[in-house]
Structures are given as C-alpha cells and as structure tokens.
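The chains carry the letters A, B, C, D, E and F, assigned in the order they are written, with residues numbered from 1 in each.
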Amino acid sequence: MHRVAYFNGKIIPESEVKISMWDAGFQLGYTIVEAERTFNHKIAKLDEHIDRLWKSAKYAQIDPGMSKSEIKKETLRVLNKNLKLISPHMDYWVYQFITGGVFNFFQSSELESRPQTVIISCFPITFNHYARFYKTGAHAVTPSICISPPISQDPKLKCRSRVNYHMADLQARQSDPDAYCLMLDIQGNIAENRGANFFIVTDGKLRTPTTRNVLAGISRKNVIEMAKKLKIPVAEEDLQLYDAYTADEAFFTSTSFCILPISKIDHVTISNQIPGPITQKLLNAWSKKVNLNIVGQAFKNANLKE
Amino acid sequence: MHRVAYFNGKIIPESEVKISMWDAGFQLGYTIVEAERTFNHKIAKLDEHIDRLWKSAKYAQIDPGMSKSEIKKETLRVLNKNLKLISPHMDYWVYQFITGGVFNFFQSSELESRPQTVIISCFPITFNHYARFYKTGAHAVTPSICISPPISQDPKLKCRSRVNYHMADLQARQSDPDAYCLMLDIQGNIAENRGANFFIVTDGKLRTPTTRNVLAGISRKNVIEMAKKLKIPVAEEDLQLYDAYTADEAFFTSTSFCILPISKIDHVTISNQIPGPITQKLLNAWSKKVNLNIVGQAFKNANLKE
Amino acid sequence: MHRVAYFNGKIIPESEVKISMWDAGFQLGYTIVEAERTFNHKIAKLDEHIDRLWKSAKYAQIDPGMSKSEIKKETLRVLNKNLKLISPHMDYWVYQFITGGVFNFFQSSELESRPQTVIISCFPITFNHYARFYKTGAHAVTPSICISPPISQDPKLKCRSRVNYHMADLQARQSDPDAYCLMLDIQGNIAENRGANFFIVTDGKLRTPTTRNVLAGISRKNVIEMAKKLKIPVAEEDLQLYDAYTADEAFFTSTSFCILPISKIDHVTISNQIPGPITQKLLNAWSKKVNLNIVGQAFKNANLKE
Amino acid sequence: MHRVAYFNGKIIPESEVKISMWDAGFQLGYTIVEAERTFNHKIAKLDEHIDRLWKSAKYAQIDPGMSKSEIKKETLRVLNKNLKLISPHMDYWVYQFITGGVFNFFQSSELESRPQTVIISCFPITFNHYARFYKTGAHAVTPSICISPPISQDPKLKCRSRVNYHMADLQARQSDPDAYCLMLDIQGNIAENRGANFFIVTDGKLRTPTTRNVLAGISRKNVIEMAKKLKIPVAEEDLQLYDAYTADEAFFTSTSFCILPISKIDHVTISNQIPGPITQKLLNAWSKKVNLNIVGQAFKNANLKE
Amino acid sequence: MHRVAYFNGKIIPESEVKISMWDAGFQLGYTIVEAERTFNHKIAKLDEHIDRLWKSAKYAQIDPGMSKSEIKKETLRVLNKNLKLISPHMDYWVYQFITGGVFNFFQSSELESRPQTVIISCFPITFNHYARFYKTGAHAVTPSICISPPISQDPKLKCRSRVNYHMADLQARQSDPDAYCLMLDIQGNIAENRGANFFIVTDGKLRTPTTRNVLAGISRKNVIEMAKKLKIPVAEEDLQLYDAYTADEAFFTSTSFCILPISKIDHVTISNQIPGPITQKLLNAWSKKVNLNIVGQAFKNANLKE
Amino acid sequence: MHRVAYFNGKIIPESEVKISMWDAGFQLGYTIVEAERTFNHKIAKLDEHIDRLWKSAKYAQIDPGMSKSEIKKETLRVLNKNLKLISPHMDYWVYQFITGGVFNFFQSSELESRPQTVIISCFPITFNHYARFYKTGAHAVTPSICISPPISQDPKLKCRSRVNYHMADLQARQSDPDAYCLMLDIQGNIAENRGANFFIVTDGKLRTPTTRNVLAGISRKNVIEMAKKLKIPVAEEDLQLYDAYTADEAFFTSTSFCILPISKIDHVTISNQIPGPITQKLLNAWSKKVNLNIVGQAFKNANLKE
C-alpha cells in the first residue's frame, strides 16, 4: 500500500520514479512546478494552478508535451489512486513537476534525450509543522539574503531553482528555529516567504506586496478576492519593515495552510491577539468556501487541542 | 559495457542512479557540484576542485557526509572503471554532485530522509560542440537577463540552481543559434557565460571581471597564473560592453575547452585573427602543461581537419 | 516640387535647412522634438503635442523664442505648403525641433550665437515599414542595453539625445532583422521601444508601464482613454518579462502606426490571433475617431492586400 | 579669411557645412567625436585620439567610411588651411565628427541616404573661459543629475548624445555661475565633469575614478603616465564626496586646459594654495613635454597678468 | 518667566534639561520624536502624533516607559505652563523626544543607566522664517545627496539620526540661501524636504510621492483628506524632476507652515501665481478647519503686510 | 573622585556636562566624533584621530572653533585629570565630540546660539564585554538592514547619526545575544560592524572591504601596515558572504579591542583555531608595538583566566 505517481506517461509506484542526473531539472534547476491541495479530498482551484503552470512553461520555454486537459486528467487519476491511503480527515498536496528533460547534449548509451520530464505526485499535508501557529502566531524573520531582482530571475516563475530562498530560510531559522523567513527585495521592500505570500492589516486596510517581487500566489489572489467581497479595502503596494513592524495584524498565505497568522516579525511582537479580527474573518470565509474547518483540521491532524 | 557512477556509497551502473523527486537537489536546486576533466585520462587539478566543492558545501550549509580524501578516492575509482569505455584520444568530464538530501519533512513510507545525496559520474567530453570555434572563434551575445547580484545569490556558489543562466542562454541563441551567452551584472558590468569565464586583451593586457560577479573558475585562475609566468600583465576589474566590443582579443575559459577564442560579441567582429596572439600563447602554454595538444584533440574527436 | 520647412523664422526649401556643427542640437543632442501625424491631411492632437513640447522646453531649459500659438500657426503653414506634394491617401508626419541654439561660446566670424534653433518640417509616413505587422504582428526583442534611470536622464524628456535607444535597437535587430526593441529599465521592468509605448492584455485587463520609465506618449494616453470608454479595465504598473511572455495580447502604440499588434516577444509566440480581440477593438475605435481606416490606409500605401 | 572644414570628402568654408535635419547625428545624437588641441600649432596625440575614435565607431557601430590614415591626413590638411587665421600664440581645437549618416528611412527627393557624415573642423581655443582658474582654482559643484550607468549608456563612448551632462551643468551653474559640474554615478561615486576628468591628491597619492564611470580621457592617461614618471603613486578607484571634500588638492584634466586646479567643491574650500604642489609638478611636466608654458599661453590669450 | 519642559518624570525649567553625552540619543542619534503645533493655543491632531510616536518606538525598539495617555497628559501640562509666555496671536511647536536612554554599557559612578529619556517641550513658532514664502513662493533645490533607501534607513522612522538631510540642506542653500532642499531617492524619484512633504498639481490632479521614500506626514495626510473632500483627484505615486519642473503648482506641507507654496524648483519658475488656485483652496480649507487664518497669522507674527 | 570632561572651553565634572535638547547634536545627529584609547595610559595615534576628526568637520561643514593643537592639548589635560581614577592596568577610551552647536533658529531666552559644542571625555574600557572572544572567537551575524550607500550617507563620516547601525545590531543580537552585526552594503558586499572593521584571511592573504562602504578605521589602517611589514599580502576589495563563510580566518578591528578573532559568521563555523595563525601574528605585532599584552590586559580586567 504505497503511493503512486505519474512519470512520463505511466502511473508507477512513487518510489520507482527515477530522475536522471542528466535531467535538466537536476542539472539546472530547470523545473517548473505547481502544488495544489485537497479539501475533503477534492483539489481546489486545479484549473487556476494548471493555467499558471502553463504560464511558467511559456516563460521558461519548456514544452509540457501534453495538453492542459491531459495533465488535469492524469492529476485526478493519480490523486484517486492515492486517496485510499489516507484517512478521511487527512488531505493531500498534489504536485505537477515539468523539467526541461534530457538535453541532446547528454544523449548516450545510458540515456535517451527527451524534451521534458513530467511527474505528478501526492504527499500528505504536514499539518503538524504549522498547526500550532494558528493559535500562537508564526514568527517571521528577515534574512540578509534577498530575492533576486526580476532582471535576474522573476519571482513569478514558479520553479525549482531557488537556492537563495533556502539559504534565506536557514538564516531565519538561525535566529529562531521556528521562524519563517520573510525575504526583502534589493531595494528593501518586503517580498515573500520561500513558499508563502505576506499580508498586513493597517488601520483596517489589507496590504500586500505587488507581483513585481513576489510569486502571484493563488491563495494570495483568493484572499484579495474574499477581502473585496467582505468590503475590506485592499492595496497591492510596496511595503517596508516599518510597515510590517507597526502593522495591526500580519499573516502568510499558502496553498497548504491557507492563512497563517503572524505574531512576531524580527522578534518584535505585532499583536497578542492571534488571529487578529480581520485575519479571523478571512479564515472563516475560507473555511466556509471549502466547507471545512481549516484550523480544526490542522489541529486534529497535528494532535493538538483547539 | 556501460558507465558506472558512485551513488550514496556504492558504485552502480549510471543508468540505475535514481534521484527522488523529494530530494532537495530536485525540490530546490539545492545541489553543489564540481566538474573536472581528464587530460590523457588523468584528472587535472582534482584537489583544487574538491577544495572548491568543500567551500560550496560550507557556504550552502550542506554536509558532504564524507572527507575530502574519501571523495577523491571514490572519484578516482569511478573514473578508473569508466576509462575502459573510451578511446585513448577521448577524455572525460568527471562530476561530483552533493545535494541537500531528503529533508525529514519528506520522510515517509516511500523514502527515508538523508542529510545529503552524493553522486560521482563521468561523461565523455563533447568536443564536437565547440571544436570548430578554436578556428572560427565563438560568438558571445549579451542577453537582457542578468546574473543575480550577490545579495540574492552569489555567483561564486557552484550550484545547480541557475535557471536564469539557462534562460539567458536561450535568449543568446535566439540571436544566433551558435552563440554563447555573455551575461551582465545588474550594474552593466560584464559577468560570465553560464559555464565559462570571460577574458579580453586590450593593448597587451589581459583583463577579466572580478569574482564579485563571476564564478571563481579554476581555469580562470590557471590562465591568470600562466599569464603571470609569461609576463603578460593581468587585471581583475569591472569591464563593460565598450571594453568587450573594442578589445583586441577575447576568449572564454572553462574546464572542458580550457580556452575558447571569441571572434564576435553581439555580432560585432572583435578580431579576424583567431586565435589572437596572446590567446595562442596561453593555449600553447596550457597544452604544454597538460602534455596534450588541446586544440588538436578537440579537432580529432570532432572529426574536423585542423 | 520639393518639400519646404520652417527654419528660424522663414519657410524655405527643406534641402536648404542647414544645421551648424556648432549648434547645441548637434554638439550635445540638446534638441527637443515633437512629431504629429495627419489623418486625412489634418494634424491630430496638435495642441497636446505643443503642450508637451513646452514641457520639454521647460525641463531642458530651452527658450523656444516664440509662443505656442505662433508655433502652431507656422506648423499649419508648413503643412499646408507640403500637402500638395502627396496623394489624398498618403499622410504626413509633422515635426517640430527646437535646439539649444548656438552658444555664445561658439560665436565667431563664421557664425552668430542664437538662443535656439527652430525647425518645422514634414515627412511622408513610411507605411511600408510596418503595414504588414498589422496582420502578422511585430516581434519585440529585449536588448541588454537598458533605458537610463530618471536620476540620469528622464525618459519623459522627448529629446534627440538617445544613442542608447538606437544601440538597443541594433541589438534587437541582430536577433531578428524585423524586430522592434523592447527596452527594460535597470530594475528589469519593461520600459518602451525607442519610439513607441508598450501594452499587454492579461485576462481582459489592459496593462502598460508607468511614466517613471517611459515617455508619456500621446498615443498611449489616447489608448488609455479609449479603453476607459470601452469599459476595458486599465492599469499603469510595473511589468516584467514574465508578464509580457504570458500575456494574451500585446501591442505598441505610436503617433505613426497608432496601434501595432505584437505576435512574438524574444521569439516566444504571444498569440496567433493578430490582432487580438481587445487590440482590434481599440484599433476600430481609433479608426472611427479619426474617420479613416488606419490599417487599410497603411496597406494601401504599402501596396499590400488586406 | 574664414575657417574651412572637411565635410564628406571635400574641404569647404566652415559656414557652408550643412547638417541635414534627417541626419542621425541630429535625429538621435548618433555622433561620435574626437577633439584634439594644438600646442605651438602642432596636434598632440593625434594617433591616440583617432584610435579612440575608431573604438567609438566600433562600439556605436558606425562605419567611418575611411581609414585611420585618411582621416589623419584630412585632419592635418584642414588644420593647415586654418592655421593662417590665428596668431602664433593662439592654438586650435581640432574636431572629428562622424555621425550615423542619413538612414535609408529618410531617403527622399530632398536628400540621399548615406552611411555616415564626416566633419573635420577647427576652433580657436577659448582660453578666456578658464585662464583665471589656473590661479584662483575652479569651483566644482555636484548636481543631482547623475551620469548614466553603463548598462544604459557607457560614459566611455565619446558621443554627442549627452543631454544629461548639459542639464547637470545647468544645475551646477545655478549654484555658482562660474562652477564646473562634477557628476556622480548612481551609486554616489564621483564620476566626471561634462568634458573633463577629475583627480584628487590625498596624502601625496594621486587618485581618480575608474573608467567604469568616466570617459577614458587621453589627458587623464597622460597625467597618470607623467605621475608614474615623477614617482607619484596613482590609484584608479571609486571615490566619494568625502574623499573630494577632504582632499589636499584637486584638479580637472581635459584636452584644452590640460590640468585645471580646483579650489572649491560644493562651496567647500579644498585648498588655498592654487595650484597645489603636486598639481604644479604635473603642470610643469606637461608644459615641458609640449614645449609651451600652458598657463602662460592661457593668460596671454585671455589678456590676464600672471 | 522662562519655558518649562518635561524631563524623565518631572517638569523643570527648560534650561535645566540635561542630556548626558552617554545618552543613546546623543551617542547614536537613537531618538524618536514628534512635533505638533497649536492653533489658537490648542494642539492639533495630538492623538495622531502620539500614535505615530508609538509606531516609531515599536520600529526602533525603544520602550517609551509610559502609556499614550500619560504622555498626552504630560504634553498638555507642559503646554499649559508655557502658554502664558506667548501672546494670543503666537502659537507653539510642541515636541516629544524619546531616546534609547543610557545603556548599561555606560553605567558608572557618573551616571545611572536608563531604558529611555523622555523630554516634552515647547518652542514659539518661527513664523518669520517662512511667512514671506506664502506670497513669493519657496524655492526648492535638489541636492546631490539622496535620502537613504529603506533597506538602510526607513524615512518613515521619525528620528533624530538624519545627518544626510542636514547636509542636503546645506547643498541646497549653497545654490540659494533661501532654498529648501528637495531630496531625491537613489532611483531619482522625488522624496521630500528635510522636514516637509512635497506635492504638485498637474492638470488639476494633486500628486505626491508614496511613503516608500518619505515620512508619512500628518500634514500630508491632512492635505490628501481635504483634497478628497474638495473633489480634487489625488495620486500617491513616484514623481521625477520632469514632473516637478513642469507642474502647474507645487507646495510643501509641514506641521508648522501647513502648506507652503513653491514658486521655483532648481531655479526654474513653476508658476508666477502664488499660491496657485488649488494650493489656495487647500490653504483656505485648512484655515477654516482650524478656525485661524494660517497665512494671516504668519504675516502678523513676521511683521509683514499681507 | 569623579571623572571630568572638557565642555565648550572649560573642564568640569563629567556629570555636569549638559547638552541642550536644541543642540544640533541632539536635534539632527549632527555630531562628529573620535575615540582613541590609551595603552599604558598613553593615547595611541592621537594625531591621526584628530586629523580624521578635522576631515569629518570639513565634510560635515562643522567649524570646530579651535585648532588641532588646542584640541590635542585639551584632550591630554582631560585625560591627565582622569587617569588618577583608574588602576595602572586599566586604560581609557578618550572621546572628542563636536556638534553643529545651537542654530540661530533656536536662540531664545533659554539658550544662546553657538556654532559648535565641543566635549572631550574619558571612559574606562569595558574589557569584560569582549575579553572572552579573544579565546572563543566572536560571532558575526548579518542583519537585513544595510549600511547607507555613499550617495545617501558616506560611512567614512564618523558621526553620531547612525540609527541603522544600531537597529542592525539589534537584529544580529536577536539571532545570538552575543553576536556582533556584520552589515552588508546594498549590493551585497560586506561592509562593517557598527564600530569595527572586518578582515578575512584566504589562502594566506589578508582581505578587507574598501573604504567605499566602510569607515576608514585607524585600526584597520594599522593592521594593513603591520601586515605589509610582516610580508602578509593584503587586498582592499569587495567581499561577499561566500568569501566570509569560506575564509580561513576572520577578525574585527577597532580602537578598543584592536583585533578580535571571529569564530562564526551567521552560525557557520569559520575556524576552530582561535586566534588563527595570521590573526595571532598581527595581535602579537600590535602588542609589541604598544608594549602591552593586549589580550592579557583584557583578560585581567575582565577577571578571566587566560
């Protein structure tokens, strides 16, 4: 009873998926990726994620070798086969990886060249990594390593070539082992966490960096849309540390945790009320939308008491 | 009769090397790497390469899980087993890859976590890709995509997280399918090719960018040392397009081709004499040092007539 | 039967206009300029162009030596005299040049100093240069040479001191002889073509760079105003290559061609439908406004069949 | 008795030289230029200037349409014809201008296209503009307008597209009508005057900005070489306002005045001894080299008493 | 009859307030500050100022050691005691200073350490410094010294560590002794005066820089709110010198003068009508709001005739 | 028995030195400063420090109001009076502060204006703060807050307006309470600690940042000179985090501790041998030069056993 994955046209046991060292995904970090999650075992916003994957492919000039509807179909097949391995209360991350394949350059008796490598796989959501932060708030720490400017590498490209995000994370966790990095751009504007977007609330207004220097997160977009429906004013604008430290509320958004309240930034307490009132409203709206108590599920799976 | 490779402690057929999709090398481009080449079937400057690999490990905070002498020993074992597959005139690239391994995060029934993944492998040098340029000169084209500034990602880290280098290369090859990209830094100083350092000769002086914005290439260092012995003045300094376009000679250096003359930059002819006199002197000195006609070998293996 | 031009107070044969080598326009690129075009032999938006010329004069500290209404009157006189030279289907560019004149510095027996040099002239629109792109789409290529940052030279100054725009254009045309350059600013935001503004359409929204790094084009403004009337949402914002490559539609705007659809950016196909639906709507609205089939006229004058 | 000039193949009265408004030199500031001066009616360093002109041509991709020796020959012919117009104590500036010519684009019944426009001309040196500063020292003022970064426009290109240099000069002269602008680069390093390089002396060491952000002045090079012969240590390095304000001596170098002492920077007195001791040594060495009292000639021609 | 001030818990004669040389306010410029003014002897917007002071404290990590209501109460007590020293037509600036105190580091027999130093004081408004500019317009001059980028020091922190603002002011006053500096950011966007925000009016629209590079002035906010009520469109956006020089109106805002019209920028006349029509409207609205003729009071106290 | 200080012309008890809240040193951080230390009760390099103070005064445009020899004389008088308060094994920091004084602006019945405020004072060296790091090595941590670029505030100005240095220090100490901040410049080059310069040793070569982005420390200069005498090669060059993490040795230099070995940077161990061999050589040379065991004295005063 093990997970399966899609690998270049076939569904096989995940443990048999085999990436060559000559694959451009390994050689160059030349891999585009999407990650969805399920709520009640259904994938949320799959079409939006696949649209973004196709944008990444176009920008990075990788040919996916299949249509959007095909990758969607295969994604659902892989998920379906893996769903039986988890309990009804657990949910999955679902990933699509497309690499630049094996260049002709590396064609040899050991390996054939191929214009792309496609993997679709599932992984149980690791609720225990973050569940407690819904109540205590996460700690965001700014590292000295910045995101790349768009003239070097556009943060809107959702790819696997992001060693500086990882090193920034190491720096943040040196300051607090539980910290999440909050990277700046090279002008000192706040950008993003390695895998999450950042929002603050100031005087009742929701504020988040522009996509000039962050990934155009689908959860980010979802929060902006929900806020508009809730008549909460929203601004996409350049924010700096001053704005962050003096905010009334702050939170991260990502596919897995949806909205994660932040209580401290660089060891400065932002708020003692976690989640703050607007954060709570947005979390409630989201739970309602997916018909699942987002925080409750995380607590249950992490064996925490609410 | 197939190549073998070292993979996490064992020497196995190269085609059986299997990188998990959860490996940090694939997930994050979190892989450090070195590549040496053999001359007459002997690895050049192996100690220097391993020293630089250890520097990459320290900077990227990856634990190699073995000592320098162990990786050296395993490298020689892998090479030895693979040497019988090539003719006496052919030579090998030899690679060491060390990834961040499989994070605890991804530990599951499908996979064990591991602090690093180590691969050592060989690949026959693809002389046919560049041999003709020793005579015609290569064409360097500057793309609009720049290298990352060191506050984002230090170019001195020899890693596999470099999608912008690949995209820069795509841009250069749109301008000329045979072109090599010549990336700039974000101030407009010349940096480097995706896998090679850049030199020019102006009024008898050898000039090359500083390591602020290029990899500290071992071939680069070798050229600087040979030049000093040959009493050619050398400067490591910021260079701009004007310097490149108006140079008397220009060339790339890399582990495989050693020194590759450049005849054109952005379609502007630098010199019609290829190689230029100082480039030729350095090539001769290098051939003598490794006791092998570097250009001759490339021509022979590419089936070109000198 | 030759064209005439206004030159420092007189209307003379264009070929007798004589700019001294000591004129600041030649010595320093110290020339401000406007270029209008006629539709059905009438100048469009002449007042707006003259207002912008006066802004350039103020910023560059050149004294035009005449009033707005005088230059307008002389412009119409020059046009009137030249109109008889073209067919009813052809139209004119109309230019005003004002240089810093001849500095006292260069006063000599050969030449008197003068606080400005004013030229007004006409040139038949070169429809054959771009007519085909209304159907095939233009190709925009990003060069490595960037626009100057406003702390060095403000792109809003419509002047003749723009050698970097020309060199950027040379780079783009090395990649494709038919290409139009699409320059970036030094942060990697998309700026402009040497003589045209840039727009994209993403999910039904029209997007264009801010005037921080582009000329405040009058055609640009016209498109924004028409879009608002057509209820197409418009944003002036920082855009990057990712936005451009993944856009649904893209086009340039300029005085001569009004709106020129773009089919490819850096050799990446943006859209196969040229013009895209929103581009078409805007082109139609413009044709209606000037009571002339913009594309039809270009085709006719370029001897192309629609 | 009027000056003559070379214009596209002929030597004609200077006042008949006629630059078309469609010439790229006027349309785009697409003109490269050199300016030498005579000492005792002989041109200094003509070969070096022509070499630099050829570098400008190569970088800007203008075809001079003639050889170096031809332009040299024509230069000497023009000078020769003009020398009789000046007294033995006066000297000339000698200019070569090469524009991008008239593009095919503008070919019409009024004008033929041409790949370049070449002008060679003379102008009596305007000693009265600066002679007094040899004794009082010049005043250097830093404007808020910076030089362009090399990714936009390389300051090493000696061209006529430099409106920002002129606007910087206007700013400086607003602060003091006699001031010379001293432009900064966008990082805040000192760059150059619109037409002169900048040097300081600190603790006996001569210091000047690198060619990353200044024109590679031939007078600059001359000063560096003379200093080396005089055993004065020299550094080409990034300098900031602090270095300038706190220098022991400061001076400009240019073709016309050779070395012009600076007494004040931004209204801060650098030194009351003008010229300072090292400045004086360099001026003496230069006068000796050209066999002419540089300061004396300037005073005489400006009708000043030494 | 001398002014009193609050100093670390006591109200004492102002001249007895004594800041130790070991206080962080002196040692490091580690002092946050607010300055209000009275209208008719009542402090305007005291709560807003104290809220901003608390934001400064949080960002700078200084513990005020008292509550907002306490500092408010003490502020009113100090003002009350000082009011009797001025005439009914005069008004006061009221300041709160909080420094980082005396670090343990400097604890010694001479001095006790203390986590903060708090001062509250009054100063009669120096109307004579600026009253005339309500009629003649102020002169704004851009210095070469820029504000710090937010990655170095956020301009939103209202602190006393701003030597570059003072040096920029010196530069501006070298150009015109009456000038106000108008600092740029390092990209060339207009930022602010050392103590005032900057606005322009272009085609009926009020425009001001964003808080990325300026202090979030309370007068600035007030003007934006009044403009909205008066149906004047307002934009917070990046502005450059071109926008400033070519504006229809321009003015500064600050706590003391409220709105000060600008007639010239870098010696370029912006407008001869001072105040311009929109500036006048805003001034009128403000006077009405505070029930005091703002300009009239300034004139009276400066002994000028309106 | 308390310390005395020089204050505007008089020597008075230190505790009676009284800085007005209206003093520019408090109002603007407009204070220049020097700090020397004694060895065996004698001030080292007093002339060099006073020369640098005079440079600061010139750059910041503060008139010290006295001559170099006067301030030297007063410094020695203050020291002399204070020496009797410390044991023979203890030593002093000696400070000169010169502020911009009290501006006319603030002239009032409470206070006279004054062009400068001058303070000279002593403080016993706090050996216990750092003595242990001679053996364990200090920990350098890079904060996200950068030094200002020289176009904003030149780090060579030794002034008291440096709140960003303090905030950077707070960030570093959040990561490790014992850490010393190691600030970067905005390009990502290593700059300096708030009060110390930074050196590394790589392959036997001593390397330190250039004065473009650090204070021109007198201890820094001393180390460079000693290294040259010891035939250790030295380079002043741009260094990045990669260089720091992979160095063989690293240390800080400052007036108080002279040379302080660094064992860790961003929690990465640089070396386990503290001090490293070259660091030790330099420490020995310095101790010899000042005829005092630098480490021994620190240990003794900190009550540590060597």
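One rule holds in what follows: a residue touches a chain if its C-beta (ideal position, glycine included) is under 8 Å from a C-beta of that chain, and two chains touch if they have at least 3 such contacts.
Here the structure is a predicted model, which means the values were calculated and not measured.
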Most remote chain, CA-based centroid, reference being chain B: E
Centroid distance [mean C-alpha coordinates] between chain D and chain C, Å: 33
Inter-chain centre distance, chain C versus chain E - centres from mean C-alpha coordinates, in Å: 43
Centroid spacing, where centroids are CA-atom means, of chain A and chain D in whole angstrom: 57
Multi-chain contact residues (two or more partners), chain B: 61, 144-146, 149, 151-152, 157, 184, 186-188, 241
Topology of the chain contact graph, where touching chains are joined (line, ring, star, complete, other): other
Chain C to chain A touching residues, read off their complex: 184, 186-189, 237-238, 240-243, 245-246, 268
Touching residues on chain A, where the partner in the complex is chain C: 55, 58-59, 61, 149-152, 154, 156-157, 187, 210, 212
Chain C to chain D touching residues, read off their complex: 2-3, 5, 13-15, 17-31, 60-61, 95, 97, 100, 105-106, 108-111, 119, 121, 123-124, 126, 129, 144-149, 151-153, 157, 159-167, 170, 186
For the chain B and chain C complex, residues of the former touching the latter: 141-146, 171, 174-176, 184, 186, 188, 241, 266-267
